[in-house]
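Some structures are shown below for you to check.
What follows is chain A paired twice: with chain B in the first complex and chain C in the second.
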Partner chain A sequence: MSSIGTGYDLSASTFSPDGRVFQVEYAMKAVENSSTAIGIRCKDGIVFGVEKLVLSKLYEEGSNKRIFNIDRHVGMAVAGLLADARSLAEVAREEASNFRSNYGHDIPLKHLSDRVAMYVHAYTLYSAVRPFGCSFILGSYDKDDGAQLYMVDPSGISYGYWGCAIGKAKQAAKTEIEKLQVRRLYSRQKQKLKLIYIVHDEVKDKAFELELSWVGDVTNGRHELVPKDVKEEAEKYAKVRLYETECSEFYNSCETAGPPASMLGVRSVLQVVCGKRCCRRSTWTCFLFQDSLEEEDDSDEDNM
Partner chain B sequence: MSRGSNAGFDRHITIFSPEGRLYQVEYAFKAISQSGLTSIGVRGSDSVVVVTQKKVPDKLLDSSTVTNMFHLTPRIGCVMTGHNADSRSQVHRARVEAGEWKYKFGYDITADVLCRRLADISQVYTQNAEMRPLGCCMILVAMDPQHGPVLYKCDPAGYYCGFRATAVGAKQTEANSYLEKKLKKKPELSHDRAVQMAISCLASVLSMDFKASELEIGVVTKDKPKFRTLSEAEIEVHLVAIAERE
Partner chain C sequence: MEKHYTDSKVKGVSTGTTILAAIFDGGVVIGSDSRASMGGEYVSSKTINKVIQVHDRIFCCMAGSLADAQAVIKSAKSHLSFHSVQMESPPLVIAAASVLKELCYKNKDELQAGFLTAGWDSKKGAQVYVVSLGGMLISQQVTIGGSGSTYIYGYVDAKYKPNMTREECLQFATNALALAMGRDNVSGGVAHLVVITGKGVEHVVVPGDKLPRFHDE
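Showing the complex of A and B:
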């Protein structure tokens, strides 16, 4: 059935002839335009990673946060329209605070995510307002329930996840997370931080800042930004592993496709092999391989 | 069918079309099939059963949080079909209504009254231009203290009715004809037979053999009048029984 968007997509209070609410679907597209955010649930905690694209050199490091603290034990990573996300973070904080003043203890994450999801859903019912253009991932850790991770999207639906990704590179991120088999991991393990780095790298844009936060046993149940030394260690490890993966992929491609005849060929092979990597990385790896390729260049000249 | 006089908004908000139809309400029904799931409810002689498919599309999803069966009160349960977010909202509203009734009158609300209340709320959405009907349908099951096992369905148009058996969702027409055939002779259904009939209906309409993890079953019986969902082991028992009968 063709989706007749025109005319039925002007307000959230209109169904299209095939039963879809287009405004909500458009809101989800707004999320897909933003840079990626990832949340991973492991045995003893949650790790969030958000890729913040650096648009200007005047940008101050550490400002413009995309990970919020909702109460001491809950963290929220967002993707989509940041202004909408900030107002939802306020809503989540109020919910958590009201719960604490009514019942005297930390809000359980399922309850919080249900409440915020219903708030988001309410904005998909009326023509006077538009749906929120952001998705977010909520995560918390406590001794009784363990680690929990929920994702809420603009339609107002919330589900629990073992690992989830929102934003531009979400498909690639999900594949990588599945490969990791997150259920068996512990928070500190570097593989996970490496994964965030890999996935964040799979975009065309050159410069980005990585915001990492965690909540778990290591932080005694408090949601905090990952300390600088751990983060740097992880980044170094991630870059090394990333380089190794690219090398092996390059070798594999050479075996199947034959060595490229020129520098340009190398560059293009790398770009094909590594997907949309940033140019900087490609040139760097090219440089290292040039020596090993020069002998093969001569043999191929006849064929060219 | 001249549409010159109206401004053409009859398809956009809940006003009447020149033929007297409410297009937005009809589109809301189509939204129920969008989710791709089908749910069946069957009332036996001393129990009621609701069965629905459980699809967990993403490996990373925590499947224990994916469910379409909800408790509205300890004795009334429901299965929701259609748009997920709208379903949650309606369940929440139902719980609020049930809670307020208990607070005001001191006794538990019955399924028919709750269903009527939700239907009235859904009707309001079909009369206000500013809001849209919810794209979901609720099948309520309960053990009524006076009438025994009851099965009610409440749809986006604000219509509700009690049923001996009903189906909602993507394959509802086929499922409804299957159920009509099987229940034509008004057989007496024991609890096990009711469960197995619901499962077989779903299996035949969708032409697939189910595993226990692909189904969600909720029951209310005379001996255990509280609404509960069956565990995978119990579902497996019923699936085996169906296989042996064939």
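Showing the complex of A and C:
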């Protein structure tokens, strides 16, 4: 999708001859450079997961949030230019608050997402301002209307989703979400956690912090960060399952490649197949697990 | 609840009035008398309708200065209709009541209008809200207003029961209005009643001669 605008891309108020507004497309590229955020709509709530890349060892855990509370019952996960995202979160908060003040009840999510999308769209009309360089996912839960999930991108479009992903690994994440059959899931199920770990592979060794939040029956309709113990349990589960999946991939590739001549051979095959995902784990451990993988049964994922 | 509008300082047409709304099992009845008076002496209209529809299943009764009330309702009606199209769903009764409340509260220095809002929505079912003169908004099961309401507090307190049937509630409302109109000189005429349920809206008009009579009439 990359093409050079050459003269038609200097301002958002100019169309190119083939009918594109390049500034808006460049804004969407800014989102694609950011780390991934996903949102999943389950039967009884919404779960957000954001992969926050840790750029420095001095970084304070838990600060620099990418998931915002917009209203009691609405949460927002962002990707892209964080400063733009924060100002949009403020806009969304004011919309929700004014709505409640005027109409006496919680703002329905579709309406909120339409209003914020209109605001985002307004910045794509003029040359004096630049479009917002962030996409965000809004999610809410209401006893009567159930769970809802909407995504807004820099062009000012908002769509409802069962599951969506934004950021650099969004294609991989979307594939995994489609595999999950999200409509059948409940918020507590841990598959969603695994998603972030799977799509993190691009960034290899870089450490990342996972920010998780949910809103649903389980939180009585309030949007909150997932409590530490639930998060840790889910992370452990995700790491184990991911590890097993990678080992089975390695095992399968070993089968096709033929029995390795030596341990050194094993290690090199391992590195080729699993990439640096396995760097954190000892190659020996991986080899030991090989035999137990025949019993591995992926279908019990559905029972969680 | 409402001040007496027989005060001669009040200019123009005002409603000495009786309005009421009551929830029954599955819906709500809202009703009023039909007299508009000037200065407490002259009946300027015998058949005014004080029950106004602001949306498909939401009705309002006006109290206070008729001019102010009509102006507020006109603005609220247009606002609500836009709101409902934007939301792609019928407005909630609380939304209608909140719109009226904002108008009454923000303009309390200029306006003298209060409302009873009654309606049905799919989220909370039948509801009744009272927006008083200064812009207070509260929700109640049964409520009365206007100058004639002072004469029927006892009746309403004694005779209202939650979860009545539609017929019982209609009878209760008719009796209450008749009693108030019988004692308040600025309330009278016919009894306008509207029954709102999830299935639809029904207007019932009880003309003067069909109103229930009590022992001394």
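Quick notes on this one:
Throughout what follows, the second predicted complex is superposed on the first by the 251 of 304 C-alpha atoms of A that agree within 3 Å, B and C clash if a C-alpha of one lies under 4 Å from a C-alpha of the other, contacts with A are read in each partner's own complex, and residues count from 1 in each chain.
Definition applied: contacts are C-beta pairs under 8 Å (C-beta built on N, C-alpha and C of every residue); 3 or more make two chains touch, one makes a residue touch a chain.
Since we're looking at a predicted model, the values are computed, not measured.
When both complexes are overlaid on chain A, the residue A:S127 reaches chain B alone and has no touch with chain C.
By the touch criterion defined above, A:N102 reaches chain C but does not reach chain B. When the shared chain is aligned, chain B comes close enough to touch A:Y161, but chain C does not.
Comparing chain C and chain B on the residues of chain A they touch gives the larger count to B.
Contact with chain C, but none with chain B, is seen for A:D144 once the two complexes are overlaid on the shared chain.
Contact with chain C, but none with chain B, is seen for A:H111 once the two complexes are overlaid on the shared chain.
On chain A, the patch touched by chain B and the patch touched by chain C overlap at residues 110, 114. In the complex of the two chains, the chain A residues touching chain B come out as 7-8, 10-21, 110, 114, 117-118, 120-122, 124-128, 149-150, 155-157, 159-164, 174, 177-178, 182. Touching chain C in their complex are the following residues of chain A: 101-105, 108, 110-111, 114, 144.
The touching residues of chain C, counted against chain A in their complex, run 83, 86-89, 91-92, 94-95, 97-99, 101-102, 122-123, 137.
Every residue of chain B that touches chain A in the complex is listed here, in rising order: 11-13, 23-24, 27-34, 58-62, 64-66, 83-86, 88-89, 92, 129-135.
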